Amino acid sequence: MRIDGRKKNELRPMAVTRNYIKHAQGSVLIEVGDTKVICTAMIEEKVPPFLKGHKQGWVTAEYEMLPGSTNTRKSRDRNRGKIDGRTMEIQRLIGRSLRSVIDLSKLGERTLWIDCDVIQADGGTRTAAITGSFVALHDALSNMVNKGMVKEMPITNFVAATSVGIHQGEPLVDLCYEEDSNAEVDMNMVMTEKGEIIEIQGTGEERPFSKQELEKMLALGEESIKKIIDFQKETLLG
Amino acid sequence: MRIDGRKKNELRPMAVTRNYIKHAQGSVLIEVGDTKVICTAMIEEKVPPFLKGHKQGWVTAEYEMLPGSTNTRKSRDRNRGKIDGRTMEIQRLIGRSLRSVIDLSKLGERTLWIDCDVIQADGGTRTAAITGSFVALHDALSNMVNKGMVKEMPITNFVAATSVGIHQGEPLVDLCYEEDSNAEVDMNMVMTEKGEIIEIQGTGEERPFSKQELEKMLALGEESIKKIIDFQKETLLG
Amino acid sequence: MRIDGRKKNELRPMAVTRNYIKHAQGSVLIEVGDTKVICTAMIEEKVPPFLKGHKQGWVTAEYEMLPGSTNTRKSRDRNRGKIDGRTMEIQRLIGRSLRSVIDLSKLGERTLWIDCDVIQADGGTRTAAITGSFVALHDALSNMVNKGMVKEMPITNFVAATSVGIHQGEPLVDLCYEEDSNAEVDMNMVMTEKGEIIEIQGTGEERPFSKQELEKMLALGEESIKKIIDFQKETLLG
Amino acid sequence: MRIDGRKKNELRPMAVTRNYIKHAQGSVLIEVGDTKVICTAMIEEKVPPFLKGHKQGWVTAEYEMLPGSTNTRKSRDRNRGKIDGRTMEIQRLIGRSLRSVIDLSKLGERTLWIDCDVIQADGGTRTAAITGSFVALHDALSNMVNKGMVKEMPITNFVAATSVGIHQGEPLVDLCYEEDSNAEVDMNMVMTEKGEIIEIQGTGEERPFSKQELEKMLALGEESIKKIIDFQKETLLG
Amino acid sequence: MRIDGRKKNELRPMAVTRNYIKHAQGSVLIEVGDTKVICTAMIEEKVPPFLKGHKQGWVTAEYEMLPGSTNTRKSRDRNRGKIDGRTMEIQRLIGRSLRSVIDLSKLGERTLWIDCDVIQADGGTRTAAITGSFVALHDALSNMVNKGMVKEMPITNFVAATSVGIHQGEPLVDLCYEEDSNAEVDMNMVMTEKGEIIEIQGTGEERPFSKQELEKMLALGEESIKKIIDFQKETLLG
Amino acid sequence: MRIDGRKKNELRPMAVTRNYIKHAQGSVLIEVGDTKVICTAMIEEKVPPFLKGHKQGWVTAEYEMLPGSTNTRKSRDRNRGKIDGRTMEIQRLIGRSLRSVIDLSKLGERTLWIDCDVIQADGGTRTAAITGSFVALHDALSNMVNKGMVKEMPITNFVAATSVGIHQGEPLVDLCYEEDSNAEVDMNMVMTEKGEIIEIQGTGEERPFSKQELEKMLALGEESIKKIIDFQKETLLG
């Protein structure tokens, strides 16, 4: 039995509110247990300098935690004049994950800005951000198709993410903050609906881990991400 | 008739959701029409250097707009390595307004951090932030009284804020974004429940304005802030 | 009787030295009591990006205090890598005040940079900066007219500023530093020669203030700004 | 046959020059093919604030590429006033990897600073940095043991790293820059001498990858890291 | 004949106004031709970290040009978030020059901050700053002696500076901006009253220069600095 | 006898390894005693904004010390968000020195970036950097001539640098760190093969110095730089 009564392979309750912010072309509030993230997708009619003239678009992501989102107030990056290493790592992961399922050549010379702002954190903010911003991105792209800005949906796959870890020797999925803080091993997985891997990042926080443990975590992650993608589909298409 | 069907002295619908974020000692989501701001109040057990040893506390505020909160994506201050002038002005106003109704000597040597994060902007974000963060601060202080951290409520007055302006020659209250962009004169008022002024900032955006116009705006603001403070009381003491 | 022997409605001695810096198109040293500010107006033959192609000019202001201008040395903003909130507020106020009396469409696609550097501070630096930089701006624009760069003077009004406050229950005008530090209420007023308001910013530093007090301060400010504008006219035209 | 004539599971030639810099307590030049990294380990007699009084030490790493290390000159991070996201990610990985094999409680209240400066880059700089800085760290700790600063070696495991990837459908180890740029899948592995995983980071750069592909890469990485650790042992103990 | 009618070895008119700023312990306005610099000396009752507990004081200098001081507006360092290389070089030179004539052990554990703010520039701002700030420093130290803060004057020598250069093959002293811009060789000299060298910095701007040319410039500088120190003495003691 | 057994006019052993970094058009490792600096010269096919359209090229230099290069770890400039004053001074000196022997009009509209990264410091890093980067620059330019990018060698002179100083009353050349730290007078000289001066910077660190002492140092520097330029020629042409 886990700290919050879940089974080892049980995900926390997930909720996605679409069209959460009126100005963005796509926006959701995603809730995974007590973790809450606002994800918006906004269009900018230009590409970064390194893509100028390449006849393709770009998708980029930014991630930030509100000061009140954590137990001890998190001071704003802007005050220190530099971005937190962890923040940087996370927003790069979100950007890569989303780009891997978009055919950028179908976007036109424009950038889709994904913003993931954590308003309440209880573990798994980066994976919630990936899962939620895929929905926001899907909505933004649908809007663009409807308006004739792009000819067809540039999405090649569904994508979602979750965390897996080893806590007191047992593989667990979707760790809440307290589990995460005490986990021996921590792994984030990003997968497609077909069970293929887009990104895998595993760290032996307290100790190295064996290939057998890795395999167990992979299986747990794959099974869970399938459920999450089912949930995304229901939300979007249902 | 105004753009959204309101009368000249009519406030937009206001809603305050208390205990919106679980980690903060006080937190609200305040909605004023389509303007939505998360306000949190968090305790830090130390004071800024200039107050060390003065046997009093401090209240300070930060304000930020999420990138997706505005029509055109607002790029994050942290990326430019400096804080926007308007942001600076607003957070200083929020801090001064709240400090003016707190007896800092009753706080103990601790800081109350007020964070106002705008998740959707439609005019009047700074005044919504003041009105909402007063409620968050009140909740945080009540919690501190309940836990015996402070002996008695250090609040000396209720405080709330609204905007007034002159649009096509007519004084209006609580301007939405479209009204605000076209107003000839723009004024923010912060007042106590007794109708006394804490802060007044009026700007002739398009043209100078007369003392008669100032008086009309003052009357409109006073009448409106009384309604807002009634709403705060209902929310808090209800 | 005030600390420096003035009557309540008495301004400090004011002096304006024109053409103070040889490189600037307009420049003054303004002295208001012991407050001394160098104001320069310089032309740049381009506009900020947001105005490109709008067939109009721009006026922008920067404000800074020299390290030696205050009692305790003020460390330079550049060393902290960010601009002081108060500085930001003041330079935005100066810019808005001057723009409000300039017909920007007559300037051509160029920027007038106003720099206000305080070399000695004794209260009222921001209002002295507005009063002085109007003269510098007037001189720069006259030069531009003389050189045929602009067809006619783009100035629509004279503008000047002063501070008013409530000190020991009494409304005072043009507060020196010591009065300002102890004032219960502090207000800055920017007005035209016709007695119309361009900007008003009042703060209850020690306590909220009533509308009656506001009215008294307004009257005091209006009477004083008229005198200051007379002085500007004498300086410029006399 | 690979681009440089290697077999799929063949590592590039590796060389480690110990005591490369005279001032550092431990220092190496590690060469992996044409990739060259200077790794130094230096002692500072204090710990970061979050560890004060915890009676343990800390190991932290910084990584940077010299401007001349890459084909197109890499401009210095200091000039942009912020650290590159990729750099941040890499130095966090190096720090975590080394900390995972050190018993920090045996270090005393001091910090070991690991600096990895890439003087020539040809793929695999982060894994070379981990492999090399383990040797530098080992030397620094040996020196500390010899001087009686620590009682016994605080190292619990050997650690080394390599990259694996999928290039034209084939799993390859230790990718040079040209292979890396064209790889469909890219994975960095950090392992102990016992074949346990410390960190694994796999990215589907061009396409998602299957679990079968992951397994092949894992096997290739494990076999290679064993060889690298043998080489480290020879270098250090041999 | 020089551009402004001077002889080759003729200094520009020099004026020093003492007690120019009321808050500083020492302050002057120095005018050298059209170059005008405000120099202030202010006391801070602590030393920088590297001197804590060394029972000595410190003298440090900062230099800045007001935006309006030059022909083309000089944008503020604070806006670029970093200090200009030239500025850095100059303020380090001023600091070294003054420290070389102060017995820091007689200062007590305090810092003397020298601020040199150029309000109008016409060549030779750094040497004017050295000459002027020596006077400001002398005044500040006299005040400290008078107040009993230090027992005896910690000044060991008078110090002043001037520029020399080679312009159209001829050695000139105290170059104005136009001469300086066209000089083949540019040299700044800082010397004591005894004709000893504190600092010498010569640059072949347009071409290398010979030892014979160096000797001529040295003689010219020595003769001129003697005159300047006479002027300082008259100002201070006269 | 000097601390390391050298005679007063004896240079430390010097070694230059050409083509040290494969990516740069020119690159050397220069060793002067225990001082080791990597100097690279890289071509960028554009000029800085202030030279656009001037039909000439540019040479600019950057200098940095690796954290492990000094006895006490030197923290990276990028972490403080600003460049060290000493670093700024040095890189400006390197740039000026190299530009003085290049005919920029023969370069075409391109920039040659010189990067000097100190991997081990034992005094004289700036002069080693100048001496070494001249060789790297020469190699880069030869390559450009060979490829037909420039028609003829744009080098007008050889240039090299060394330090001289006065230590315990005696003039010494090429000071190592320990000598440098204790020197009364410290001077850096940059000269051409013809014995002409490009740059001279002398500082009385502990006391002012006489013209006689300056002359002795000049002679010592001239004699030594001749030897260094002979060594450069042998390296390059030999």
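Note that the chains are named A, B, C, D, E and F in the order they appear, and that numbering of residues resets to 1 at the start of each chain.
Basically, a contact is a pair of C-beta atoms (placed from the backbone, for glycine too) under 8 Å apart; a residue touches a chain by one contact, two chains touch by 3 or more.
Please read all numbers here as calculations on a predicted model, not as lab measurements.
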Among C-E, A-B or B-C, find the interface that matches E-F: by residue number, over half of the contact pairs should be common to both.
-> B-C
Roughly how far is subunit C from subunit D, going centre to centre by Cα mean, in whole Å?
-> 59
Subunit B to subunit D, mean C-alpha position gap in Å, rounds to 50
Between subunit D and subunit F, the Cα-mean centres are separated in Å by 33
So subunit E residues touching two or more other chains come to 81-83
What's the ring order, kicking off at subunit C and moving to subunit E?
-> C, E, F, D, A, B
Mind listing the subunit B positions that touch subunit A in their complex?
-> 21-24, 27, 34, 38, 40, 42, 44, 62, 64, 66-71, 73, 76-79, 81-83, 113, 115, 117, 119-121
In the complex of these two chains, what residues of subunit D are touching subunit A?
-> 81-83, 85-86, 88-89, 91-92, 96, 100, 157, 191-192, 194-204, 207-211, 214, 218, 222
